[in-house]
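Down below are the structures I want you to see.
After this come two complexes, each holding subunit A, first together with subunit B and then together with subunit C.
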Partner chain A sequence: MLDVKNLMVFYENALAVNDLNLDVKKGEIVGVFGSNSAGKTTLMNTVAGLTLHLKYRELRKGGQRITIVGQQIFEGEEISNLSPSDRVKKGIVLCRERHPVFRDLSVEENLQLGGFLIKDQSKVQESIDLVYSIFPPLTKLKTRKAGLCSGGEQEMIAIGMALVARPKLLLLDEPLLGLSPVMQAIVVQALKDIRSLEVTVLLTEQYARPIMPHIDRGFIIENGTLIMSGTQKELMDNPEVMSAYFGM
Partner chain B sequence: MKAGYRKERIDRGIKARADDIFAISSYREILYLMGPRLLAVVGLLLFPLFKDITGAYWQTVGFIACIIALLTLSWNFLFSVGLVSLGQAFFFGIGAYFTGYFNHTCGLAPLFSIPLATVCGAVLCTILIFPVLRLRGIYFALITFALPLFLMRIIEATGYLGGTEGISGLQRLPSLTFSVYITVVLVLAVTFIFLRLFDTDYGLVLRAIHDNDMSVLAGGLSVQWYKAQAVFLAALPATFAGALMTHHYRVVGMPAFAVEYSLLPLTAAVVGGTGTFAGGVLGALILVPVSEMLRAFGTLRIVMYGMMLILFVVGLPEGIYRFGQRKYFQFERIVPLEEKEK
Partner chain C sequence: MIESMLVFGLVNSAVLMLISLGFSLTFGLSGVANFSHGGIYLLAGYLAFFLFRTLGLPYFIAVIITVIVTALLGATIYKLVVIRVRGIALNEVIATFAIGISILELFRWLGFITYEFSLPYMLRGRLTLIETTLDYQRLLIILVAFLLAVFLWVFTHRTRIGLALLGMAQDEYTALSVGIDSDWAATYSFALGGAFAAIAAVMILPLGIININIGYEVLLIALAVTVLGGLESTKGLILGCIILGYAQIFTSTFFAPHWKEAVYLAAILIVLAVKPSGLLGKFKELEERV
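Showing the complex of A and B:
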């Protein structure tokens, strides 16, 4: 479904993503693991088109020069030069890290905004109901301002917004960041439901343990370079991976 | 660009590690480093000597440009502490009225009335702005925009300080050349002092307030108090500019609070590059003469002026100064993409 070939991203002269090859097949949940500064977020932003947008913005104001090289292919189509909005229309939706929500809008309004691009209102409402069924805690919070929700609830809203946009490929950037184990369990549980919706998921995480049982394949990157990839079983059987990303 | 290559931007060899540490190994490099600064300093200092060539008209334009440059320095100082001011006229007018009062009512000579007005004006400005220092962004900007208009109407309504007629017949300054010189020297001195100040530990706190005032607060420092000090320091060049201009024209009136003294420094700062002291000065020295030259277009002048500003904001948001600095200290070359490691 998604094919990233020889992707290189430079921020000025710093190499953020180095010659990365990555593929995601339809219906899979794929994890990308790596420590801070490994290039996970850059990878996600590049696939979602945000890096391209940033590149033009920086160019205009004379800031740092961003260079993106390599191919990004989505459903057999080259998307490297598409704007973020075009990519969303094609079905690539990113849920950024640190649970970004519209703080002054209610939970319901936040979710409605996720479906802004969808013309058919009944479909949007259907999706919102679906989100409530995936994240039951949100049902009680419909009218609360998103800014007043806890970190875990905001993460649910953020993922919910991405889901309402009806993605084919959902990019989750560190969905468990800063969440308590209980909240993590809810989000991880939601991954199963998301899979049953036939949404393909590409997610990143620093700490692989809670999420590892639910992924099909994983990629491990360090300093922007892919150092290992394999199926869930292969990764879990590897002692180095276990010690570095499982804390065992 | 060819496949497999990218454009790289790197510092010239003269620059060692930091932005202000240089590795110098020859006179040529010293000249490279000092050249632009020397050009600016010597150029400004020599300008008043060419009165015969430029004529009194352009000397006066230079004088006004320097006054605006002082206001811009003040604006940039406030901006560096995270306060966006739309009311440089407030500082300017208060300095102007103070010197008018001292000279006219108390009979002080300009030699005393100008410095006294500068300090008293800055103190009064700080006191008046102190209650609204907690405001941020657009709210602070709006208040500063309103303050000069507010004072203007008070003077008009009460008739105090000369009312609508202002105070005229003030003592004159020795000559135009003297006025130009004193502003030129002050522009250079204030630029230098402000730049230095922002490199000290004290300046670090001020810059920190710009970046994240909550963290400064968490660090145990009183943001309010530091901001008040910053307003005082920033007010000094602006009140001085008002005081000097008053004695130069020998009259002070309500136009001292005019909106153009608020807007010109703002646009000069944008053209030069917000937050850069030298850039602001450069912006003022370019904008004022250009707006004089545009007088030939009559009413269209404002249109041309506006177009220029839009072009700058859209096309060069970093400002002339930063753009020039980048081009001067960095160069670009095409390099192959790094080979795969490991």
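Showing the complex of A and C:
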């Protein structure tokens, strides 16, 4: 479904992603694990087109020079030069890290915005209802401003927003970051629901333990370079991976 | 005298509000201070005059065409010029200010300096309100200012496009990741700003003759009100209009009419010194902006 080939991303001369090859097949949940500054977020933003947007923005104002090299192929099509909104139209939707929400809009309005590109309002409403069924706690918060919700609730809103956009490939950037164990369990549970919707998921995480049992395959990157990849079992059987990303 | 101050203060506040809505809207939604606002405002006045007096179109049609043309002009200004300097606040200001001055001075150069340019009242007649005689045009200004504020709220909270613009203003990258295009949003907000400038022009200009210096004054008003009320805050905008509107009437009643102009500048200075984010503003970017 998604093929990233020889991807390199430079911020000025700093290499954020180094010659990365990664593939996601339809229906899978694929995890990308790595420590801080490993290049996880850059990878996600690049696949979603945000890095390209930033590149043009910086170019316009003569700021930081960003270089993106390599191929990004989605469903057999080269997407490297597509704008973020074109990628959303193709079905690639990113939920950024640190639970981004529109803080002055209500929870309901946030979810509605997720369906911005869907013209059929009844479909949007259907998706919103689905989100409420995946995240029941949101039902009570419909009219509350998203900025006043807790971090966990904001994460639910952020994932919900991405779901309303009806993704084929959902990119989740550190969905568990900064959440309490209870909230983490809710998000992990939601991952199962998302899989049952036949949405393919590519997610990143620093700490692999809560998420590892639910992924099909995983990639481990350090300093922008892929150092290991394998199925869930292969990764879990590897002692180095266990010690570095499981704390065992 | 108190009665007439109350009534004309309200009219004045509504005038300020009409003038500054477009400027504040564009700033709130796209983050770009559109300093060509005064130019667009005056252009709308002359265009309406041309369509109505020279071409002889019905006034209503002339107004609608004017609003559409200025909306397109706003969008064009973004697409052609501002897009290239987006993100560098100072260049945005210089570019839009240059456009505004070009429009205004173009009219001066073309010889639009005589006293024949005026727009007709939309409604004739007057009524007496708490011992003050008020003509229908001024009444209409209050009504339109109110309706535009309501429209704006409904538009931004109840329509798909309005919500998207609000979202883009609040968190650009999140908006991008649900498929809202940032240049599309900014173009839209410039177009809205242009349309609002035209509505203000056709409502307010009938009260006097169209004069090129009005363009500069309009920009000053828009700036003063937005700085006073706080950027990106509609409540602040309304409050700013009311304070400035009444302060002006107060000074021109008790001192002299020419002190009216000083009120704007004094308001900008005081607010920037005491509370740079404005009375109800949420952001402190003002020092960089003005």
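Here is the rule we use: the second predicted complex is superposed on the first by the 248 of 248 C-alpha atoms of A that agree within 3 Å, B and C clash if a C-alpha of one lies under 4 Å from a C-alpha of the other, contacts with A are read in each partner's own complex, and residues count from 1 in each chain.
Here, a residue touches a chain if its C-beta (ideal position, glycine included) is under 8 Å from a C-beta of that chain, and two chains touch if they have at least 3 such contacts.
Just so it is clear, the model here is predicted, and its values are computed rather than measured.
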Clash or fit: how do subunit B and subunit C relate after the overlay on subunit A?
clash
With the two complexes superposed on chain A, say which partner A:Val69 touches: subunit B (first), subunit C (second), both, or neither.
first
Looking at the overlay, what does A:Lys142 touch: subunit B (first), subunit C (second), both, or neither?
neither
One more residue to check, A:Gln112. First (subunit B), second (subunit C), both or neither?
second
Taking the superposition as given, does A:Lys61 touch the first partner, subunit B, the second, subunit C, both, or neither?
both
On the A-aligned overlay, A:Met8 touches which partner chain: subunit B = first, subunit C = second, or both, or neither?
first
Considering only touches as defined above, state whether A:Lys25 meets subunit B (first), subunit C (second), both or neither.
neither
In the overlaid three-chain picture, which partner chain does A:Val101 touch, first (subunit B) or second (subunit C), both, or neither?
second
State whether subunit B or subunit C is in contact with more residues of subunit A in the superposed arrangement.
C
Please work out whether A:Thr225 is in contact with subunit B alone, subunit C alone, both, or neither, and reply first, second, both or neither.
first
Where does subunit B run into subunit C after the fit on chain A, at 149-157, 185-193 or 239-247?
149-157
On subunit A, which stretch or stretches are contacted by subunit B in one complex as well as by subunit C in the other?
60-61, 63
Complex contact set, residues of subunit B against subunit A
6-10, 316-318, 322-323, 326, 337-338, 340-342
Contact residues on subunit A for subunit B in the complex?
8, 10, 12-13, 15, 18-19, 60-63, 65, 67, 69, 225, 227
Taking the complex as given, what residues does subunit C use to touch subunit A?
83-88, 91, 157, 160, 163-164, 166-167, 170-171, 173-182, 184
Okay, in this complex, where on subunit A does subunit C touch?
48-50, 53, 57, 60-61, 63, 83-85, 88-89, 93-96, 100-105, 109, 112-114, 116-117, 158, 161-162, 165
